[in-house]
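Two complexes follow with subunit A in common, the first pairing it with subunit B and the second with subunit C.
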Partner chain A sequence: MHEFWSAAIIGVSLGAQYALLALGFTLIFGILGVINFAHGGFYALGGYVAYSAVSGLGLPYPLAVLAAVLVTAALGYVYELFVIERFVDDHLATMMLTLGLYLMISTGLLAVFGPQSPEFSFPVKGSYSIGALRIAKENLVVLAVCGCAIGAIYWLIYRTDLGRALRALADDRQVATTQGMRPRLLFPLAFGLATGLAGLTGALVTPILALSPSAGDPVLVTSFLTVILGGLGSIAGATIAALIVGFIEAYASVYLGGSAGALVLFIMVLVILLARPTGLFGRQIRGA
Partner chain B sequence: MSGMARDLRVEGLAKRFGGLRVLEDVDFTLPPGAVLGVIGPNGAGKTTLINVITGRTPPTAGRILLGSQDVTGWPTHALSRLGVVRSFQQTNTFKTADVRENVARALRFSRGGLDGWTRLVPLLRDFGLADRLEEQSDKLPYGLQKMLGLVLAYAADPQVLLLDEPAAGLERSERSRVDDFVHHVSRQGCSVLIVEHDMDLVRRLCPEILVLDAGAVLARGAVAEVLARPDVIAAYVGADAGDAV
Partner chain C sequence: MLEIRDLQVRYGGITALAGVSIDVRQNETVLLVGANGAGKSSTINAVIGLVRTAGGSIRLDGKELTSIPCERRAREGIGYSPEGRRVFPSMTVAENVLSGAFGMGRRHQRESFDWLVSLFPFLAERASQPAGQLSGGQQQLVAISRAMCAMPRLLLLDEPFLGLAPIWVRQISDAIRQMQARNTTILMTEQMARPALKLATRGYVMRGGEVRRAGSVAEIQDSALAEEYL
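Let's look at the complex of A and B:
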């Protein structure tokens, strides 16, 4: 029975991580109409910035995580403002630009840090025991930070004027600009916010999993899968789909083994999409 | 309407897409409170004229002035905040938001301001939207979506309102609401430019009209006189013009 509860805790923790990644991914798609193929690159970059801040500058880990968020958010902001913005309505161009950025980030990391995974471990060790059930402290810390970040994103999107403007732009850009909203001001902010979330996740998770220049590859696939399952552009959909993906991965891994877990995940997503092609919370027609 | 009302002046406006001339040397002045109809056959450049004036696409030549201020090529959001606001042929609402949120967004980010609710209450009531504030806008009947679009345009506190086929898709019985709306906003000193194919509506609302043909101004003047001109009849509706206009 304790396996069941262990899987549940891992599932929630994984789901929270995926939710942070998927929220960023879906924000960019929903608001700008851009599929950000560089999302995994910002995740890996976040990990390396945190690693460099800890090992190179001697910063404490929480400050290193903050640095990772700021650097990835700033890079995303600047890239959107000066590059993406010029081609924002050209889907093929933005696809190439984000894919190109991902390649630049991953090859840049490879050139600077080399192919080997650096020694970068999570600062909180140990576990709590409840009977036969053991809960790793690092999982709880990651879960708590991700939970707070998700809460902050929801607050920003649904309780602030910035969020109201972003939702308006996602809904219908033409109408929003007619009402005085400024895409050129808001698009880079949305992009920077999303890439900062990817950087935060990278800084939190790579010390537990692994840090390498290609660490973003599976992240892009998982983010894509999650937002498609939740419905492209849907914030609630991305969050719920992330939890579903987290639970499926965790339970399948515990009861069926690692590779079978991935297979179960893809089959379940395929079945759900066959029943609901727009995803769990997707719209038939997207206005953005 | 806040701020001093100003003329909208369009001088020598031209728009080309590559070798295609869509607008050529268009001139007119729209004084505060005036209602001007713009008619012409499909492809005459009517919607492009609105797109250029509201900054959706820059002109190839010519100037657009609001009072003495040259606003040529200004972006849409900046013109909106100056009081130059448009509606679209299709419904121009935030489709996933309810009516209340639609209005709140329009007020919050435009020059209308959140205290503009009271200004909109009569319109919301007259259009039958006051009782449906919690309904998602794309679930409303089409006619109400169009009316909501007009409310949102008015929420931005326009000095100049450019309406692109406001009666398109409306039942005949619903079209009188467009009349009421235009009368309401023009009484506030807002000038209105209406692109419309419904000639009855144009006759009712527009003392003056401007006829575009192949991007150029074919005629401008009092509605009855212009619609009686043979060249306008020929350009606009062809041989059956006498019946149609």
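Let's look at the complex of A and C:
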């Protein structure tokens, strides 16, 4: 029975990580109409920035995580402002531009840090025991930080003027502009916010899993699957779908073996999309 | 207050406005009348900045608007309610209305919202309902409330009565009268000209991207050209 509860805790922790990644991915799609293929790259970059801050500059881990968020958010902001913004309505161009950015980030990391995974471990060790059930402290820390970040994103999107403006731009950019909302100011902010979330997740998770220049590859696939499952552009859908994906991976790993999680996930997404092509919470998407 | 001179708008090779000149004085409600394709919406869209002008000038209290981007015109005191309502469908009624006063501070937003609720209690009753789920008349009232929320100097209303039942025409007319009572200058377009003429002080009859006749409401109503639209 303790396996069931262990898997549940791992599932919630994984789900929270995926939710952070998926929220960023879906924010960019929902607001800008851009599918960000560089999302996994920002995840890996966040991990390497945190690693460099800890091992190179000797910063404490929390400050290293903050540095990762700031660097990835700033890079996302600048890339949107100077590159994506010029082609924001050209879906094919933005796909190529984000894919190109991903390749630049991953090859840049490979050139600077090499193909080997560096020694980068999570600073909090050990576990809590409740009877036969063991809960790793690192999972709880990641869960707590992800939970706070998700709460902050929801507050920003649903409780502030800025969030209302971003959602208005997502609904009808032209009319939102007539109400004084400035896409040229708000689009880079949204992009930077999303890439900062990917950087945060990378800084939190890569010390537990593994850090490598290609660490973003599976992240991109999982983020993409999660937002498709939740409904492209749906914030609530991305969060709920991320938890579903986290639980599937955790339970499939525990009961079916290591690689079965991804297989079960792909089959489930396929079945759900056959029944609901717009995903669990998706709306009809504007023409691409 | 609003001076439009020799305004030209083209969509590709098609001329939508061919030298339109219109004056709207302080506290006036001016109506643009005309059939589909006459150039009414193009005029409104040029004033709010949704279409690029090919020539001419648009001045608000002497300030040239054509060089100001669309998103900054709201800050010049221009409120806009588009044709076809175009509320933000995934956002609640309250969020839609408040978005009209974006960046004006929580206090201004709260005061404006309370004033609008006192005029239209339905806004409070449906405050947390997604605007996309409302009827056409309700959506139109939300769209006009959104435009009113910033307390603009100049209110642009594009076809506010289009496709509405009589009960909603009366409600929208009341909303416009409330803005008139606050000395708001209004420029509106309408194909359904009879209810709009009751609200207007002057009017322009448009056809083929040109102004064919201008005058008081009585003159517009008497004009042979206007007969086609009334």
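A few comments on the model shown:
Basically, the second predicted complex is superposed on the first by the 284 of 288 C-alpha atoms of A that agree within 3 Å, B and C clash if a C-alpha of one lies under 4 Å from a C-alpha of the other, contacts with A are read in each partner's own complex, and residues count from 1 in each chain.
Note that a contact is a pair of C-beta atoms (placed from the backbone, for glycine too) under 8 Å apart; a residue touches a chain by one contact, two chains touch by 3 or more.
What you see is a predicted model, and the numbers here were worked out from it, not measured in a lab.
Steric overlap between subunit B and subunit C is present once the structures are superposed on subunit A.
When the shared chain is aligned, subunit B and subunit C each come close enough to touch A:175.
Looking at the shared chain after the overlay, A:58 reaches neither subunit B nor subunit C.
Within the superposed three-chain model, A:126 lies out of touch with both subunit B and subunit C [touch as defined at top]. Put simply, subunit A uses residues 161, 164-165, 167-168, 171-172, 174-183, 283 to touch subunit B in one complex and subunit C in the other.
The touching residues of subunit A, counted against subunit B in their complex, run 161, 164-165, 167-168, 171-172, 174-184, 283, 287. On subunit A, the positions that touch subunit C within their shared complex are 161, 164-165, 167-168, 170-172, 174-183, 283. Chain contact summary for the complex, subunit B toward subunit A: residues 54, 56, 75-77, 80-81, 85-86, 88, 92-97, 104-106, 108-111, 152-153, 155-156. Within the complex formed with subunit A, the residues of subunit C that make contact are 48-50, 70-75, 80, 82, 86, 88-91, 95, 98-100, 102-103, 106, 146, 150.
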